[in-house]
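Order of writing sets the chain letters: A, B and C. Residues in each chain are counted from 1.
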Amino acid sequence: MAIDERNFLKTIAKSLGRTEPLAKAPKRNEAGPPSFWQEQKFEANDPFDFFKKNLEALTGRVELAASADEANRIIEDWLRELKAQSVIMWDHPELKKYIKLEMSGIKLDYWSPSRDENQLVAAAEQADVGITWADYAIGYSGTVALLCGPGKGRSVSLLPHTHIAVFLKSNLVPTMSSIMHDLTRFGTEKLPSVIDFITGPSRTSDIEMDLSIGVHGPFRVWTVIIDDQ
Amino acid sequence: MKASIFITCICDMFYPQVGEAMCRILEHSGIQLDFPEQQICCGQPALNSGQWDDAREVGRTVLKAFKNSEYVVAPAGSCISAIREYFPVLYEKEPGNRAISEELSAKLFEFSEFVVKILKIEDLGSTLPGKVTYHPSCHSSRLLGIDPYVHALLRNVKGLEYIELPQAENCCGFGGTFSVKMPEISEAMVDEKVTSIVKTRADILVGTDMSCLMNITGRLRKQGSSMKVMHIAELLDEGMNYGAQTRLTFAR
Amino acid sequence: MEHRPDLHLRDRARNGVQDTQMRQAIQKAVDRLSSNKAKAAQELGNWDAWREQGKRIRKHTIENLDYYLAQLAENVRKSGGFVHFVPTAAEARQVVLDICKKHNAKMVIKSKSMVSEEIHLNPALEHAGIEAVETDLAEYILQLAGEPPSHIIVPAIHKNRRQIAELFSKVAGHPVESDTPSLTAFARKILRKKFLTADVGITGCNFAVAQTGSVTLVTNEGNARLTTSLPKVLISIMGMERIVPTFEDLEVLLTLLPRSATGQKLTSYVSVINKTRNVDEKDGAKEFHLLILDNGRSRMLEDDEFRQALHCIRCGACFNVCPVYRQIGGHAYASVYGGPIGSVITPLLLNDLDFWGELAYASSLCAACSSSCPVKIPLHDLLLALRHRRAEAGYTPFLEKTAFNLWRRFFKLPAAYKFAMKMASIGQKPFVTNGFIKAGPPPLSNWTNSRYFPALPGETFRDRWREKQ
């Protein structure tokens, strides 16, 4: 431990009435959310409706697809609606299993680990739409949780004007608790470099409390949920 | 049942009629009242200015006065919250006085709390036609939680129409010495409060603490408003004598 | 040394009160924010139980801060990050400058960070020839205006759209329309260029997670995500108290913070940054530095009472319900941290009960702040405790001390009190009209300038009681 750290922690310890910094984990009575939160049953019967209601309240769109084909059709319709000319997509096996957009007229880039990073950022910056997978979606808040990694760049859900997230109905969880529980079980080494919880589009009320959508991040967050249940 | 009156310095000095109204109501409800003369002030002005030695000395008048009381009733909530929350801290180093203040806290009640919670009375047979709006004093409302008692009493006054005061929870700007130490801020606060009160077009403004009501009345009158301002005891008392020509209306 | 304004609190407050436009803007903002918070708390249900849990977690963490900071540092280092323990603002600035110098940084982008303002980072960067760009929309506006923030959550609320359009037009070199979409689009365009070319990104830290060495950023605009995704070097500066033990605890604070700040269930972006990019990742920082700052916080830790102020999660709820803040605005506090929480921590962090201790009097002790705090910090008690400390330290003005001395003499004995009442009844006579004193001598004039003062009725309650017997 560096000298500056040792002195720093010693100062804290002294302020707390200790001669040495606490080395052993302190006992805790209760950690995490209140117990009633774990026991509460949230729309256990229809997590999809729960998620749809909450994300749509934030101007998001939510569509349920019965199959991979239908998911593709929904996205193609959206691309037409947006008059999108270029798309950047996570280079991610699960996503690519369901979504295949190699079609004429659309410039399609994959956030591929083999490509040059400057080119990838430039491609994302120029893309109209970014498409990602979501490892989890939270019904209670209308949130998609993106675990970043090789092939799963942050820029894809951040630089284009529209972010489309695709996931399975079975990825839907009622609250953040399930995700936190899983992440804790991962262990620190296996954690992704970043977890992005995304709840609707970029926004601000900084100008006279007047809501503005699409400040620095996407204007639109649309989701396709594939019914695997 | 016996109870001692804790008049509180503001009512003693400026609003004796509030104390009298309170006494009439309590006696009418069968309470035997006394008034221990040693009481002067709970010391809150000095407490809030950080002058705790002065606060301690003056606060002892209250500790002395109510030692033998069964119940103590006050026409103000702010003084009670000062006693409950801070006397234990003020008298930390005086175990005897600390114990007395804890005993006092347990038997000390704000007027509307005493009537509703202890006497279990919500209807005093008052009649007072008119529109009333209520300013919930900060300490009484937030620290003592007496709003439900006030509402219970007002609800049972026949002919009284209740109008909710918008943003009622905003402080009126009195804050004791704050009103003279930071007068510009205090003025801005009482101005906003009075504007919202006047907008209700109520006939009467009612409250539980004359400190706040003194502040609000002062601004109302300066702005030319003649809206009646009454302590809850005065309102109930006038209502209990409604029709009898002996009551003076409150020119304040 | 912290810059001291020329004016004392009362004068600064007066200036605030006289700025009608600012007051209206602030009142509109705080009324909306506090109403949104109330709705969100109601929707969640059991709000008090959540607050209690938030309080427990913060209390436990602060009381064991030495343990959790050590755990945090160990985990950040294990993940390949650098940790700098910086006792003072000056050392913090130096560390940031050294990192920037090492990477030949010409331009750094910043996401909103109050702690970076606390350490006066931007002037130091500018002085070293490094362009520092604020990317949070409000902070960008303030940077252009050369002004400090006036609110924790909506820092530029005191600026109207015309003023903002003027600032943007100057940058653009041509008029920018003052409608919200045009203003936002302009900022997006200008700042997007900065995001793509910045050498270093600097953020604050809403919550560090000790168990995993993570830094959590809670935002709405997307600028924090861009700041942490595009530049190769990332510096996060945290006040040492901005930490939670585990992800489970993080969830509690993520439940309390957005609802308390803006009434949202969650902000648009909650980024939990666990480490620098993996070897096959193509964005995210390659090098990460965490600065853990003391700057007076350990002094607050020493005191059982004031330690509670370190529980703060910087939600701004206390600002939104403060009856004083809505009249004087944020600049009157003259500190990075204003409002009720700022009135408590500023004198303590700066170790100045005299000048900065005046802030303890920017309050009527109404306790709205304590009632609204999502982690139950008893702010009104702390303000009172500060006043006591200040008086004990001898900073009470002489006239005030004398006044209370006098008051005590007359209010400690019934006989003296009765005498004082008799004298006052007589003495007030020349000033009384229609039962009121409408103009009094100082200090009563502080009251009568804006209100009538009641005349003593001549008889006290105790006089009448005795008569009745």
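Everything that follows uses one rule, which is that a contact is a pair of C-beta atoms (placed from the backbone, for glycine too) under 8 Å apart; a residue touches a chain by one contact, two chains touch by 3 or more.
Quantities reported herein were computed from a predicted structural model and do not represent experimental measurements.
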Of the pairs B-C and A-C, which shows more C-beta pairs in contact?
A-C
Determine, using the mean of C-alpha atoms as each chain's centre, which chain is farthest from subunit C.
B
In whole angstrom, the CA-centroid distance of subunit A from subunit B equals 54
Computed distance of Cα centres, subunit C from subunit B, in Å:
33
Measuring from the mean C-alpha position of subunit A to the mean C-alpha position of subunit C, what distance in angstrom results?
30
Which residues of subunit C touch subunit B in the complex?
9-10, 13-14, 17, 23, 31, 321, 323-324, 326-328, 361-368, 370-371, 381, 384, 387-392, 396, 400-401, 404-405, 407-408, 411-414, 417, 421, 435-436, 438, 443-444, 446-447, 449-454, 456-457, 459-465
Quick one: in the complex, what on subunit C touches subunit A?
25, 28-29, 32, 46, 49-50, 52-53, 56-57, 60, 63-67, 69-70, 73, 75, 78-79, 83-87, 135-138, 141, 154-157, 160-161, 164, 180-181, 183-184, 187-188, 191-192, 195-196, 211-214, 220-223, 225-226, 228-230, 240, 245-252, 254-255, 262, 264-284, 292, 294, 298-299, 301-302
Subunit B to subunit C touching residues, read off their complex:
5, 7, 9, 11-16, 19-20, 35, 37-38, 40-41, 43, 45-52, 54, 57-58, 60-61, 85-86, 138-139, 142-143, 167, 169-171, 173-176, 178-192, 214-215, 217-219, 221-222, 251-252
Where on subunit A is subunit C touching in the complex?
1-2, 4-5, 7-9, 11-13, 15-16, 18, 21-26, 28-34, 36, 54, 111, 113, 115, 117, 120-121, 125, 140-143, 148-151, 153-155, 158, 176-177, 180-181, 183-184, 188-189, 191-212, 214-218
